[in-house]
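Labels run A, B and C following the written order; every chain starts at residue 1.
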């Protein structure tokens, strides 16, 4: 029972904390959190809650192709948001597509974060030539739009892979391409924070104890530079999802057999002018709402973690 | 002064620092140097400082900001490496990064207490983990229970409670944080503590608590202190020997009582004269004109000469070396050496109870 | 009391926070006579700087004056609209802060800042104001003032900058200067120069000073009277010699004992146990009672008001009896 009481006390403390308080102060943030939760929840739970499995040929019937949404005259109660040209349920396709979009975006951000935080720590803590080298690379990369970098990396990686495994590994290629396009902000932020923390006395105390640079970076500096990293991660997630959608829209993303939101938009776009607007509009709305909600959360997190604004 | 025939681990001072020098390179970037014809620039933070500290004593360095006292502290514990000079700890030279790395058992015997109680504890660590870090890293103890017990004992030793280990630094006041810093320093079981302005960020009543604690610990654990401060009253209270620094140089050192009763160097006299008079004897302070010059471009000869009422041509051109004086201590001053200075204390004799 | 230049009555400064209202200055009263130097001393968090800020009308929001009155030459200044307060600030009350850079705009020449302040408050021409600025800089001990007047703040050293700030505070001949830790950021030797300067100028210009500091030594050298603050209240206020050498309040006694002295032979310093309470947890009764070696039951319940003991006013129940006896004996 005491364990339960301890958990309860922790929850109460978290609820009373400044961050929770600033969360409760903002209705927009709460709405954004709710929307994000719904979309991410829907994506994660897609296999269980989606009406059909769009990737299972047994469940797809060409006879159901191009049915408009429920509220149209020719709507069908089985397909709330209508179907595509192959007879797949749009709602299911969006749920599954969101699953891929979010998974690719999150994995790409995680990769960018790992790379950026590590390089930023090393750059800031060691300084000198290492720092100069890493930061010049970052500067050069920043002068290109990230979509261009992602395209370039994607092209090179695919070129390096044997043709047989290209399809199977395409999702991973996409993750690495987006991640490599996105690490710079993490590295720059972590570096500047590391420069400040490095000269603080608790770091000097650890040096006197005899701890090496790796241990100091990991155990002492890393926890103190994480809050801006979380903010960037949140905002980067929105951009990474967009980048993935753009790449998929351009046709270099995930294969059409596993459509992400971007792929759905691209495919649907072909039918926009022939009147089947729902094939592209619903995935687009989902993408826009998701990116907006995640962005709002990121902005709130930035303000909530900034002691100067509180 | 030079005694080259030193034997390893000979009975003698615990720490002997000789001709310690540290320059900081503050040159403009390479491109500016090339295109704007600017030269290299060095701050002479510490310039040829020599002193000794015996085991069990407290040696203090005083001086105004920018005099290099904190740099000396950081050189001694190895946070900076000296440009020149030796740092001899019980006969083992620790004057380079390589020597320090080769002698971890010597490094383990020294610890440091910092000025800012808010920056010296990692805000993301629990107090227990902060204090346990040296214990874990050096493998002084193993096992959670043994370490927790030792941390509790250390916390009690500095006047806190064993259950404070669970809390985070921000839950403590400045004075309590300084106690935690001391506990962390003691956790590595050092003999030699370098204390860089340990009380100057604290209120007077808390300062008294910390100074008393440090004295108690010194007596109980036989610690040796290198104490850095700008506060002469604090220095008088804690130290057995005092060195006065000015612009990177040690201008005078001596036994505490001697230095305060009979200051020799004009700068020391000036510092003593500037202390606010709590006894309200009506003594007018005689502020010395001028300010500390930039260490980027220190004056020629004796760096104090532009502010010194007794300076002459020799002081402007020739740098005075430290000369031993009868009764212990050393002074780097031409006027003292030549007997040009009026004798006697600059300060009213100690009469403050 | 009508002759007082500044009179503070029952001043209360509060900070509303989401966890409740914090009372940083709690019902304090004191006055400053023309030409007098009143030292306000206390440890961090005692409310001394906020008292100064309230008087010059520079309390940072959300801090506010919740109760009480501040009178300058008999006129209330705590409830004035911003514009009128701005006129008083500079003209009648000058300010000196710990960090000279907070008073000086780094983008303007120091002379222009002084001239602007002079011309805001005094009917002088540009040339006259400039002449006055140079005279002032000379007076605060800046050599070759005619040339230095056109320099920027960053071209001055810390001690020189503080001199410029003093010149700026004095330039409209105010009756009162509020100096908040004016020497704390300076080295000892420079500190002595600045203290001597403030003392001399105030004597010559007959300016009163409210000197806020944590340094008893500075107070002992400079002030005529001293108020000792603790946890937002005045513990003791009286002539500086009496307070420094014959402190009445147990807190002041502890504070004086805690200061290391040169020439003293004590092995240990007298120490006050514990630390000043946080504003969120000020104990009932006398705020000092948990740390006071002489506390008794009443101290834990009733809040003591300042009562006269000899030449000083002391907020301590220890002296209640003495006063009662005095009253009996006439």
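Here is the rule we use: a contact is a pair of C-beta atoms (placed from the backbone, for glycine too) under 8 Å apart; a residue touches a chain by one contact, two chains touch by 3 or more.
This is a predicted model, so every value here is computed, not measured.
Taking the mean of each chain's C-alpha atoms as its centre, the chain lying closest to the overall protein C-alpha centroid is B.
Chain pair with the highest count of contacting C-beta pairs: B-C. Rounded to whole angstrom units, the spacing between the C-alpha centres of subunit B and subunit C is 33. Subunit A and subunit B have CA centres that are 52 Å apart. Separating the CA-averaged centres of subunit A and subunit C is a span of 55 Å. Shared interface positions of subunit B, defined as residues touching 2 or more other chains, are absent. Against subunit B, the residues of subunit A that register as touching in their complex are 200-202, 204-211, 220, 223-224. Those residues of subunit B lying in contact with subunit A across their complex are 74, 77-79, 104, 107-108, 110-112, 114-116, 119-125, 133-134, 137-138, 181, 184, 188. Across the complex, subunit C meets subunit B through its residues 43-44, 157-160, 187-193, 195-196, 214-218, 220-221, 240-241, 244-245, 254-264, 266-273, 275-276.
Within the complex formed with subunit C, the subunit B residues making contact are 64-65, 173-176, 203-209, 211-212, 215, 230, 232-234, 236-237, 260, 270-280, 285-289, 291-292, 347, 349-353.
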